[in-house]
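In the two complexes below, chain A is the common chain; its partner is chain B in one and chain C in the other.
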Partner chain A sequence: MNIFKKNEKRKLTGYWLVLPYIIFTAVLWVYPFFWGLVIAFKKWNIISPVKEFVGFDNFLRVSQDPLFWTSIKNVLFFMVAFVPLSIIASLTVAWMLHRIKFLRAFFSIGYLMSYVSAGVAYSIVFMILFSGDGLINTWLEKIGVTIPWFSDARIAMFSIALIVVWKYLGYYALIFLAGLQSIPKTMYEAAEIDGANKWTQFWRITVPMLNPCFTIILVFAVMMSFNVFTEPYLITGGGPLDSTQTPVMQIYYQTFEALHAGYGSSFALMIAAISFAFVFIVRKSVEREAA
Partner chain B sequence: MRKKSEVKGLVIIYVILSVGLIFMAFPYVWMVLASFKIPSEIYSRFFPTRFTLEHYKMVFAGGTSGLQNPFIKSIFNSLVVSTTATVSVVFFGAITGYALARLQFRGRNFLNHFILFQMLFPAILFLIPRFLLMLSLQSINTYQGMFLPFLMNAWAIFLFTQFFKAIPQELIDAARIDGCSELRIVFRIMVPLSKSVTAIVAIFTFMTMWDEFLWYLIVTKDYDLMPLSVLLGLFTKGEYSSYPGIQTAGATLLTLPILALFFLFRRYFSEGITMTGLKG
Partner chain C sequence: MRNQRKIFVAVLSALVVANMSCSSSNDTSNAAKIVYWTAPSVEVTEFEREIVAEWNSTHPDIQIDWKTIPAGRSSEEVILTAIATKTGPDICSNIFGGFAAQLADAKVIVALDTLPGFREIVEKRKMTNIINKNWFYKGHVYVLPVYINPTMMWYNKKILNELGVSKLPKTYSEFLKLAEKALIPEKRYVLLTDPTSRWFRRWFDYITMYCAAAGGAPYLDIENNNAYFDSEAGIAVTEFYYQIFKNGYASRFEYIDGFKKGKFLAAIKGTGEIVRTKKMYPDLEYVITPMLIPDFYPDDQPVYTLGESKGMVLYSNSKNKKQAWEFMKWFLSDKHDLLWMQKTNLLPTREDLLTNSIFKEYFEENPKLKLYANMVNYSAPLALTPHTVEIQMILNRELWQPIIFGKKNPLEAARDANKTIEKFMKSGP
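On to the complex of A and B.
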């Protein structure tokens, strides 16, 4: 009887302990989510009490907004540069860290250092370093070239991707390193006996065994790509010629400067759907069930 | 005995890693040096010919903005907001994680799945409605407006849940027999036995809050209440746009506390990331 009562009491304790989380999630997650849905169907400037229901009008207007497509194109361009560069660089660093023992911790920490830099701080740093007459170009001039990093519409987004690679390289490398260290040595030894060369070993053992790492890094990278804001906001302001306009920047301008809350909401919904679809595609095409 | 080719390979690896490390550290070194340079040398030289404290003086004196020490106040604002969120995320993460890992109640499985779902949900959906919520709670331009959405975190709950599952049941049973309350069990047994996960949650939360830009940009209006990240960002775009010295001095101030945390707790940083990778 006593034990039964105690179990009942414990069940209640469980509820008490998760109650704050449930209240928090209801108020600051579920409720805003539905509110966002509702607003997307209204025309509203935040200030006025009038919220006119306009059906799918906002969605229609977003889909006809050239800047919507430009911002998506820019995200894709960002990803095309960011994903291969960051994965190749971080996998190389991880492989080298895996090979060494002496000073491994030192190098790991060294490479991870950039990950903790604040968005605003490193945007300022690269904005000045990569500016037209900045230090990098001053040095490049000595060999007769200068690169208009942020002032040429064709490469501005690439430059942004490059500095974001700087930030995440060490972070991804450590994820890969953890993956590499979890591969049993015996697998390579067995392959060696079977006469597989290093190249075959890499593609047949290392890459498949790193599948969870690839999946999580790709998912992180895709989600991050759709959320780029601070760097272009501070460095280029979206220019030149809208080449670094990102979805979040557009949502920000439309909602908080032009005060088109409904328009901003439907913009956000469409971007969220696209980003969600990308994550889904990545998981479907990359993720393999653990053997 | 190692083969000659192997030694040669290792030497090449160390050389490449060192060169790479120089590239990685370069922006930091440049930033700190630039903040002490005279303006004309920021663009054209790596090593300064002479040091100046002018930029830091400007930052701390309030410069041309006419405000009394907006940067010092903004560091204080950043600390208040980041610390509040960190304490809350750890506290609620631990109790929720404990309930989800160790207590039986209906709906537990659903909550576990829901938390995973939340972690993958596009954050951009919440920007506008949460702003409107803060507006209706009259929390625009207040501390609570800045930290309210970040008081609990699905990722933190998930980490605590995973860790608490591994703690032996005997310890919990023994504590119950001694008459410990469940809350006491969480903070006297579970948390002390999960020091590294607690540290990871605390450090990463503090770092993200300190770095946050967009949300603070939206909910703060007065310079007086802005966290350092927003104040520095706005001044860089605005009145200090042609003062690279002040910008780099501000960037250094924004970076150093987190970099110090990073070197102090470096073990937890790499552990936290390794955990991410393995949990997939």
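On to the complex of A and C.
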């Protein structure tokens, strides 16, 4: 009886502990999601109380909107640049942090600073750095090169990806660092005795042991790619030639600038479905069950 | 004991002071509170601080709770979000006609012409013609215009002297001839032009040039759903910008303060830039001229420009509409207009700027601003459409960006933009 009561009490404590998160999720996730679902079937301009039911009309229009497909194409291009760059850079940083003993915490926090920086602030800094007469081009001019970072349709999205890599570098590196620290040293020692060189050790031990980290970072990176907004919104406004138009920019534009909240909501739901499909594929193809 | 007495005296004094401040605040505790939002600009903030302090000290029964529009890329987005979340103000300044039309359609702002004393204030401030011509939307006036910001050409004097230019260009061909002379590839450009897709930037390049080329004629006919971007004027402006980008006279990069840093010979600027240039680049010398016109433009016609104009609106959900309206009427006075001009260098929206003696001395001391004041009567208004954002996004997509990157020829771009905008205007969003 006592054990039963004790268990009940522990359960209750558990519920109390997760209650703030449940409230947070309910208010800031569940409610907006269902509200978004409701207005996706309506024509509504946000500020008027009138909401006209239009059935699947919004979804149909989104699927016929060339900017919907352009934004998806841009996300794929962004992903191609962002995913490998961010993984290589963050793994390198994590490996360096793993190797050093002195001031490791200082450097770890230092790399995390970019992650917690305000998007608007660093976007403006990068806009100035990469502008025609910015610091980067001033240096490049010395070797006779000027790169139109944000004004050439072929590389503008790549430039945006570079900035986002900088932002997430520290965060992803910390995930990898935790993974590296959890690999038992004995595995490397045994491999060395067996004659495996560093390269073999990396591919045969480090990479497989970091599979959960790769999986979570890939999932984050794919989700992030569909959500990229602040940087292109502030720096390029979607140009040149719509090469940096992203789904969230379109959702924002449709909802808050053109006041087509229903259309914006259906756009968001379709993007969410595609994003979910990508995440599912990534997990299925990368995640390995722990032995 | 002495210490205890000191502490007692100090506490007592503090209580007396606190009580006094409470009683003084009691004077305004029953006052109507008006939330008032203004543009988040340094110069406007300096002006509003003085104005609001003056009002609050002389109107204990109506207190203004003044804030600059919270940070965001554009005032419109922030205001819309505030309205949607019911956290908006009673009065908001810095509203352009197109946005006011959106708000009017959603019935969230008050038709000011229905309020007592509207005609009197319009006549007193000498803006009857301006209101009648530019500010009626569906039979009502929703904005009390505060300022007008005509655009003109600026030329860097140092570069002009270096080139030995004494006669400034008036027409496109004269400008292109000068451009050939002024260009130093990759080092110095000719015309500072915004290559980005930000919709509101088109007011300050393509549309302002259009207004000059068309002799002040409107670029949209809202009633009949017509656009004029493929007119003779529209095609001429498109061709001009096509040449500018094709020949590298404008940069496809975005330069921060490119004109002010001497990277460009010329730029299109509004009056507000004068005060900012004086503060940030005090040594920069420049010459101001009217907008460029196409070669076919008649010699005997005055040169027009675009006058971006913004003003105040009163929100329908305000609980103190009467008091808010009192403040709005008080706001527009000769004295305040002079202070506004001194602080912001933006021109008050009134027809007597050059004839009213109160402004005379200021214009004599500021001849550059007088050049802009001369343009007020030749400033075409912004099109009063609730679909400004969408229309200018189409303009970006069909005309501006393809011209910059040479993806369409000028005729094709002008026709595509016109066709798509008219289709949008006719069928709606």
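Rule of thumb we're sticking to: the second predicted complex is superposed on the first by the 250 of 291 C-alpha atoms of A that agree within 3 Å, B and C clash if a C-alpha of one lies under 4 Å from a C-alpha of the other, contacts with A are read in each partner's own complex, and residues count from 1 in each chain.
As a working rule, a residue touches a chain if its C-beta (ideal position, glycine included) is under 8 Å from a C-beta of that chain, and two chains touch if they have at least 3 such contacts.
Since we're looking at a predicted model, the values are computed, not measured.
Judged by the touch definition given at the top, the superposed model places A:Leu174 against chain B, while chain C stays out of reach. In the superposed model, A:Ser114 lies in contact with chain B only, and not with chain C. Contact with chain B, but none with chain C, is seen for A:Trp166 once the two complexes are overlaid on the shared chain. Using the contact criterion defined above for the overlaid structures, shared-chain residue A:Ile46 touches chain B and also reaches chain C. For chain A, the partner with contacts to more residues, out of chain B and chain C, is B. With both structures placed on the common chain, the touch criterion links A:Glu257 to chain C but leaves chain B unconnected. Touch criterion met: A:Thr236 reaches chain C, while chain B stays clear of it. Legend: residue contacts after superposition of the two complexes on their common chain; A:Tyr21 is shown touching chain B, with no touch to chain C.
Of the two partner chains placed by the overlay, chain B and chain C both lie in contact with A:Asp133. Look at A:Cys213: by the touch rule set out above, it reaches chain B but stays clear of chain C. Overlaid on A, the two complexes show chain B and chain C touching the same residues of chain A, namely 46, 120, 128, 131, 133-134, 233-234, 237, 256.
The touching residues of chain A, when paired with chain B in their complex, are 7, 10-15, 17-18, 20-22, 24-25, 27-29, 31-33, 35-36, 39, 46, 93, 96-97, 99-100, 103, 105, 107-126, 128-129, 131, 133-135, 138, 166, 169-171, 174-179, 182, 212-213, 215-216, 219, 223, 226-227, 229-230, 233-234, 237, 247-248, 251-252, 255-256, 261, 264-265, 268-269, 271-272, 275-276, 279.
Contacts from chain A toward chain C in the complex involve residues 45-48, 120, 127-128, 131-134, 137, 146, 148, 150-153, 233-234, 236-242, 253, 256-260. Residue ranges on chain C touching chain A, taken from their complex, read 71, 73, 76-77, 80-81, 83-84, 102-103, 105-108, 186, 195-199, 251-256, 258, 261, 263, 387, 389-390, 393, 396-397, 401-402, 404-405, 407, 429.
In the complex of the two chains, the chain B residues touching chain A come out as 9-10, 13-14, 16-17, 20-21, 24-25, 27-28, 30-31, 34, 42-46, 92, 95-96, 98-100, 103-106, 108, 111, 114, 118, 120, 122-133, 135, 148-149, 151-152, 157, 182-183, 186, 207, 210-211, 213-214, 217-218, 229-230, 232-233, 236-237, 244, 247-248, 250-252, 254-255, 258-259, 261-263, 266, 269-270, 273-274, 276-278, 280.
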